[in-house]
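Below: a set of structures, written as structure tokens.
Both complexes below contain chain A, partnered by chain B and then by chain C.
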Partner chain A sequence: MGGASEAVARVSERPDVVTHEGAPAASAPARSAAAGWKVLPIVEGLVLITALLLPLVLQDYLTVFATRVVILALFAISFDLVWGYAGIMSFGQALFFGAAGYGVALLARDLGVTSILLILPAGALIGLTAALLLGGFLLLGRYPSSVIFVSLGTLTGSYAADRLARGWYYLGGQNGIPSIPSLSLGSIDISEGPVYYYLALGILVVVYLLCRFLVRSQFGLALAGLRENEQRIAFFGYKAQHLKAIIFAIGGTIAGLAGSLYAFHEGFVWPNMLGVVFSTQVVLYVLFGGSGTLIGAVIGTVIIEGVSFWLSDNYRDVWPIILGVLLLLVIMFRPLGLISFVLGERERVGSFGKAPKETPNAAP
Partner chain B sequence: MPLLEAQGISKVFGKLTALDGAALTVGENEFHGLIGPNGSGKSTLMKCVAGAEVPTTGKVSFVNTDITAFTPTERARAGMSLKFQITSVLPTLTLYDNILLALQAQCSLFDLVLSRTRRKLHDQVMTMLTQFRLAERAHDAAATLSHGQQQWLEIAMALAGKPRLLLLDEPTGGMSLEERRVTGELLQPIKQHCSLVIVEHDLDFIRDICDRLTVLDQGKVLASGTIAEIQANKSVQEIYLRRA
Partner chain C sequence: MATSFAAAFEIVSFGAIIVLVVLGLGIIASMMGIFNFAQGEFVLLGAYVTYLASAHGVPIWAGMIAAPFVVGALGFVLEALIIRRFYAAPIVAMLGTYALGLIIRESVRGLIGGFYLTVPEPIGGSIDLGSIHISAWRFTIIVITLLVMAACYLLLARTSFGLRVRATLENPALARASGISTPLIYGATFAFGAALAGLAGALIVPVFSLFADLGIRFLIQGFVAVMVGGVGSFIGPVAGAGLIGTLSAALPWVMSPVVADVLVFVLAIAFIKFRPQGLIAGRGV
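Right, the complex of A and B next:
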């Protein structure tokens, strides 16, 4: 190995290489910075501004609805990381969402815990633990597990959890756990309305930024390799299964966080939260908005939930059919989601290289 | 002790015996050609060495370690690298990112998440791209390259981790004569630090760059030796005449 690195070093010291390549090497990332990374920040900025101003113009009951959408967008991001970025087809993301929801509901019911400082970490921890257990079983092994195994495994996990909750008296059976008290911070109650909305939005923004940092890091490049050709990157020496388990666990943590916010916002938890319905719903959010872009997941959630809300008000009987047709149209004609109307392929995938510090304007 | 020693390798797919006690020995800094008629088991032997297939029987040793049961990841970490027969560059990523992806494979998780090696690896990425005459295209998507250029990018990626042994499965497949010549030129300098096993149909190419050859026929080794020895070998001449 030493010989090899010396050889490479020798090549890089060759004067012709340096003089010939020095200029393009230095300016190329700057060039890509000028050419790309334009649309995404604009879309992200617009979405954020809209989200910040929304409660000022919405009636109260609509703010409650908007809060639910913000929490579901957090859930959608958790799935987008796992599927859109790492290519793991998980049909059981609701398992982590619902498990955390049930977990914090029990904490509130049986132990009287409602402090946000305990509830949110507990929810995240429950999501993480469940994802580590299921992900460890499905993803870790000497050889990579097949897509079918993982998708059926996650689907089964979610379905089984749903059945378990329905049949278990302690968890309230079919009815779930009702009348969860409000979240609290010290002596202040955080009940539904603008305060809960901004709390959920704040958490969404923080998680979004952390995920954005992650998917644009060198780890994000490894995820891109994983998504595009898992076998190839194993031959480079990547521990592909470990990468998958890690991103699956991160996804579970975020889903858990979303689930605990959701449980306290709705005031009750019920078996559907764990089951296949929620698990596939989140797949649709991400497909619709655009998988492999974080903002796509958010936009998909907002539009599907918004359109469902409006349709169910105005076309009470046929709205699921209209929504279904809309979804099919997008999936058929825009497989990369709505975001692909404004976002090019190059910018969606992004570039991960960075020239050394002395290069001016190198940062993309 | 040779760098790579594969002995008694058999591989059975259902009723088909692809390899029947084949062997391959490669020394340090040796360019070794693996030739034979279609269906003689060249690619299968390559895959058994690389870890893409597990041999039914036999033993593969690499740097004095028995790696028969190693996964591809473990083999890569031991210093072995493979270029696939079908080009498998990552088409949506830029050339730069393709190389970076290969270079950072053994960085720790912590380094990857914090992007701590991104700037440090920049010079190595550009060196590899320059060496393979792709630096001008560094920030284009790999899908926009010609077939020949994709093969070069793939070889560059396979070499990025500084392997001690590089396995090339048909590196010149689908290339023009000029591209083949350039490929030969590009491979020569790596001899200083790396051994090579090449599966290739183009015998002129093999003759130009290889030191030793192993000839397979029907899953068995027909002959193994220097170019001159193989060219003088009667039974090798026979199978190639038979094919012609």
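Right, the complex of A and C next:
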């Protein structure tokens, strides 16, 4: 977090802001500095327009693939919230994704529930519950948990769930649960294709906007502080552990939503969905695209899945190696991901909240 | 009597394997503060070197001796080129070493395909004690594990190299001021940890056979063992590994294997939550 002057400058990017002490004079240079076109809305708009037009130009089997990417992008956003914004390394995000997938698959198999009005809330609820339990256990407590403990704890949770699903006959063992019926709304079946695509895209857009609001709110500011310097946030009087548990639960909810969509889209669930494979996959998406920007998570997912789909015919064996090399290069030389090629640091950090309650005069 | 002895041998032998795998991981985590996600792939590389030796007609034991040197040398190079950049940020180090592990694992997968390749045991047959037969190779692994543990302990506790390593761990600035080349020490420590992983891979490949995900199988167990034992000392991770390995091998004898598998992890995480410093707290050897 910057000093007081920077905070004023950020706030005054908004024309409607009225600051108290001599605001016009103080913010005039800042405003001119902040003027000029913004990259982020342009990138977001371009991505949205492309996504909206995509099914019109794609063949059917590619639309099915694009739907999968959209759902995975939703999953990537859930991880980005937790890691990119709050600095909690959740190496087991797939636990929530897969648990919701398995949960709704069981609902469909054993109880015959396929209504979208029940399935999506159920998936989100499973994700939320799992995240509350695991996050509450790992993050809360008398002593703050170390970053290492949280990351290894989530990783272990995901791995253990994977092993459990593999060995449990009720969950289908190695094969998972096959042939899930399609999602329905009343008497209409929502099967894969353009309809499912727009459904997933609609959910993605809504979740994206909600998250965008969330990370730009005062809560988001506290999260950013948490990521940069947890101790200082604690000294400011925030309950750092509670903030972490809340964002972890929100991330779990979104991952659960994505998992239930994914299960019905693919028509089956299998143990990898819970385990280390998906958990690390989502880390790759977000790091590659750019953690700490929501659109970076989406772009990373699209690029990695897109290239992997494109290469899968000829270079299936080499692709994971290339992916590893690219990831290593990004971590070493572009820690903010691909999005940082077009997005400036200032815009990535952005501004928070509505009008300031009072001019920040806390010492830097 | 015979069954319980066989079970006990099985448990001890698996515990020894976990200790062997965790040794390198623990040394790197304790002495350098890095949780090396590529450690599993160093194990895999050690196994692969041994396999290559046996496939080309070189005696297997020669491959097993070569494996730690090859993997250690690779570790030294990787430390100098890549790992060195990550010391300040433990999470970034995890991600970076994960990427490194991904590269190694997928390269090996490309080389061997999706197969399970068997490597014969250099010491075959079994040791007969009356009516009880125990695998000679597994027994050898236990012996070698004990020897390696003792050697590591002596190296860290009794030699001047060990003293420098510990000095670098305790206070890098003071160590540098005293004329110790800390980058070199870090490089050597990482190479040593990698070499131990290579040795572990070489020794266990006859038992588990060679496949690309061999390393992953042990990585998470290894991390949990290090955390349970306590980061910061040499003895801590070893004790943790002994405990986790023994539990993982012993619990399936008394309950369903699936439950046992998960229970070990749950118990371990709960233990770490309430005793973050681990079984053996404190720094030193």
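Operating definition for what follows: the second predicted complex is superposed on the first by the 316 of 364 C-alpha atoms of A that agree within 3 Å, B and C clash if a C-alpha of one lies under 4 Å from a C-alpha of the other, contacts with A are read in each partner's own complex, and residues count from 1 in each chain.
What we mean here is this: a residue touches a chain if its C-beta (ideal position, glycine included) is under 8 Å from a C-beta of that chain, and two chains touch if they have at least 3 such contacts.
Just so we're clear, the structure is a prediction, and the values are computed from it rather than from any experiment.
After overlaying the two complexes on the shared chain, residue contacts for A:Q218 are found with chain B alone; chain C is out of touch. Residue by residue along chain A, chain B and chain C are tallied for touches, and B comes out ahead.
In the superposed model, A:I321 makes contact with chain C only, not with chain B. When both complexes are overlaid on chain A, the residue A:F236 reaches chain B alone and has no touch with chain C. In the superposed model, A:Y143 lies in contact with both chain B and chain C.
Overlap of the chain B and chain C interfaces on chain A: residues 143. Against chain C, in their complex, chain A makes its touches with residues 89, 91, 137-138, 141, 143, 145-149, 151-153, 155-157, 159-160, 163-164, 166-168, 276, 280, 283, 287, 317-318, 320-321, 323-325, 327-328, 331-332, 335.
In the complex of the two chains, the chain A residues touching chain B come out as 1, 3-8, 11-12, 17, 20-21, 24-25, 28-29, 31-32, 142-143, 214, 217-219, 221-222, 224-225, 228-229, 231-240, 242, 246, 345-346, 349, 351-357. Of all the residues in chain C, the ones that touch chain A in their complex are 35, 82, 85, 90-92, 94-96, 98-100, 102-103, 106-107, 109-110, 216, 220, 223-224, 227, 257-258, 261-262, 265-266, 268-269, 272-273, 276.
Chain B makes touch with chain A in their complex at residues 50-52, 71-73, 75-77, 79, 81-82, 84, 88, 90-94, 96-97, 100-102, 104-107, 109, 111-119, 122-128, 130-131, 135-136, 138-139, 141, 157, 160-164, 189-190, 192-194.
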